[in-house]
Amino acid sequence: MIRAIAYLALTTFLAAATTSLLLVGTTQSSDPSAKRQLVKVLGISDLSLSSEARYTRHPTQADVFAAFQDFPGAFEHFPTGSMIPPRPIGFASQVRIQPSTEKQD
Amino acid sequence: MSPLLTITNLNKIYHRHQPDEVIALRDISLKITAGEVVALTGPSGSGKTTLLSLLGCMSKPTSGSIQLRGRLVSKLPERFLAQIRRTSFGFVFQQYNLLRDVSVLENVMLPLYPSNQSFRVMKKTAGAVLERFELQKMMRKKVKQLSGGEQQRVAIARALVANPDIIIADEPTAHLDSNLSEILLGILANLNTEGKTIIIATHDPAIYQSPLIQRRVSLRHGEIVEDKNQ
Amino acid sequence: MRRQLKILEYTLSSLIRRKAKNFSLIVVYAFTIATLGSVLFLTHALKEEATGSLTEAPALTVQRISAGRHDLIPTHYTTTIKHLPGVKSVTPRVWGYYYDSLIKANLTLIGSNNPPAELLLLDGNLPENPQECAIGKGVADAFGPAIGDNLVLEDNEQKSNRFKITGIFQAESSLLTNDLVILPETTLRTFFSMDPEMATDLVVEVYNPREIKTLAKKIKYLLPDTRPISRDEILHTYDTLFNWRSGMMLAVAIAALISFCILAWDKATGISATEKQEIGILKALGWETADVLTAKFWEGLVLSLTSFLLGILAAWIHVFVFAAPALVPLLKGWSVLFPKFQLTPAIDFYQLFVLAFLTIGPYLVCTIIPSWKTAVTDPEQIMRG
């Protein structure tokens, strides 16, 4: 019965490790007061996750009803056009978004 | 002496009321006394294996009754049948039916899992039986690494591990040469002297003509055609 | 109890017998759980982060809408709003976006008035004099300057403006401040060449938060070209935003889940001839149907529970120790300034429970049902080989 006991011990250990990690995580939640101070002083309304367009930088402030909100070539709203940048059209020279080529120049 | 196993008017029909209906056994009655060595003979398809499995509580008859030590077992629910198979019968199958990827020791231990024995006792019991058949050296080997004769001995060891009263063997010599058949007969003779009842289905003359066999029951088309002591 | 342990022992040894197969199954299973778990952990933690710190966001933000678009708001609207009962203060704000062609990223420029002496998450201090600025960590990393250096930004007339950096926000606040450049309000007005009579929006503070809705209605009535946004709406946006994003990611993950299901279904239901024979042998040797099913139950539980625990552990470590390197590209897209965030672990136990229920449960059923069909038949067939 060595295997059975070893397995039960291992599972108990794994379960205990997982639960304690989960619980420790929730109790550990850092004091948000410093961040709240920042939010209050600067009047921040949004997380600065994706800064490519108004509707992704400030989703709460954006006018989601306007067509072509920021970039005529932007084809959808998923976080910053998902993985693919919009294709530059028109007066594209001003808004070329190809970081790699710039570095090679 | 009161009979150990009594079967009365036993019928077994497969796929009943279907186009491929097969009547395997017809109106069989038989009494087997404790300590007897019985050979069931007959051509293939005569119902030997069906009769063995009914005697061994592996399946239920279509009609008729089976009594073990005076207790009616043919109507018992599956749970009790399993218990009876475990405690009263030891089976040696034609194909051995060993788990090929499993070690010899674990194969022999299989019938003991549902018992109340502790794991340590189980190992000890299995070890003792293996020793008896001089298999203790290959205890850790996998069954598929063994020769046919060795596998046969493992199968017998497994049949005996729970110390049953009745040994049921189905064509035990089908895959053995004459030398190994001799050895097998020797083992069976030993078991009989210990008081075990032995029921063998066979069409090997080396077995049913041997002095060990006390009684020969011949089957044909699912009916008993001859039942004689020899 | 002893019997259960013995059957577990048997199950384990038969699992070990097919170790390559079962090990790869556990790996795939755990990987699927880890993917789903990571998405749940990440989005929940981000949501907590947003709702935790944005509770101090402005109670009401008033924007002006012109031609269906967000437009600058006249500062004299302040007077109208200030006279409404229940309003504590109205502050015009100046902020906007700046595209920097050098690093090819958008920055958010915020004007500040009368900065407080000290901010906890800021190294240095907020700008007090014209031509000074404070910047977020992401901006600092992209441009490479330190406190005391200059940040050069081009205004509308393509004239270079130099701002001395007086403060850099700490990395811990990156989720809020990554792309920020804080300038004194008057400097920012000049930089954007904004009319002094105009502001970007108005921030309204109220005495009683319960009146926010009524106030918003009144503002909308008195100033029909405005759009008031309440704090509740901000928090609600984040709630739905991450539901939506995690929904998208889950949609991607669903492919993994489905392929896993096919694998599990195939493995569990397609009970092989060998397994059938094994069950038959066990039954013939006196195992009860219940014993066989117990063995199968243990088999399913050992595989699924172990995988679940491993997967959840992996997801936790992936998200909270390594900051979700595998998921960030999905959130990031073609972002140039993406914050390096370290999330505070936050777990939704309800979600976790649902995940456990939806993965372990079906797997157990898939394992037991087909064996049950085999286990209830007579062991007689085994005699026939």
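Letters A, B and C mark the chains as written, and numbering starts fresh at 1 in each.
We adopt the following convention: a contact is a pair of C-beta atoms (placed from the backbone, for glycine too) under 8 Å apart; a residue touches a chain by one contact, two chains touch by 3 or more.
In this text, all values refer to a predicted model and were calculated from it rather than measured experimentally.
Counting C-beta pairs in contact, the chain pair with the largest number is A-C. The central chain of the assembly on a C-alpha centroid basis is C. Separation between the centroids of chain A and chain B, computed from CA atoms only, is 69 Å. Once the centre of each chain is set as its mean CA position, chain A and chain C turn out to be 6 Å apart. For this pair, chain B with chain C, the centres built from the Cα atoms lie 65 Å apart. Across the assembly, chain C contributes residues 5-6, 9, 13 that each touch 2 or more other chains.
Of all residues in chain A, those touching 2 or more other chains are 1, listed in ascending order. Chain contacts: chain B has residues 118-119 touching two or more partner chains. Across the complex, chain C is touched by residues 1-5, 7-8, 11, 14-15, 17-18, 21-22, 24-26, 28-30, 32-54, 57, 59-63, 65-66, 78-85, 94-99, 102 of chain A.
If you check the complex, the residues on chain C that touch chain B are 2-3, 5-7, 9-10, 13-14, 17, 277-278, 280-291, 376, 378-380, 382-385. The part of chain C that touches chain A in the complex is made up of residues 5-6, 8-9, 12-13, 16, 46, 48-50, 52-58, 61, 63, 65, 68-70, 91, 93, 97, 99, 101, 103-108, 110, 112, 115-116, 119-122, 136, 138, 169, 172-180, 182, 201, 203, 227, 229, 233-234, 237-238, 241, 245, 248, 302, 305-306, 309-310, 312-313, 316, 320, 329-339, 344-347, 349, 352. Note for the complex: chain B touches chain C at residues 49-50, 52-53, 58-60, 78-79, 82-87, 89, 91, 93-95, 97-99, 101-102, 106, 110-111, 113-114, 116, 118-119, 122, 158, 162, 170.
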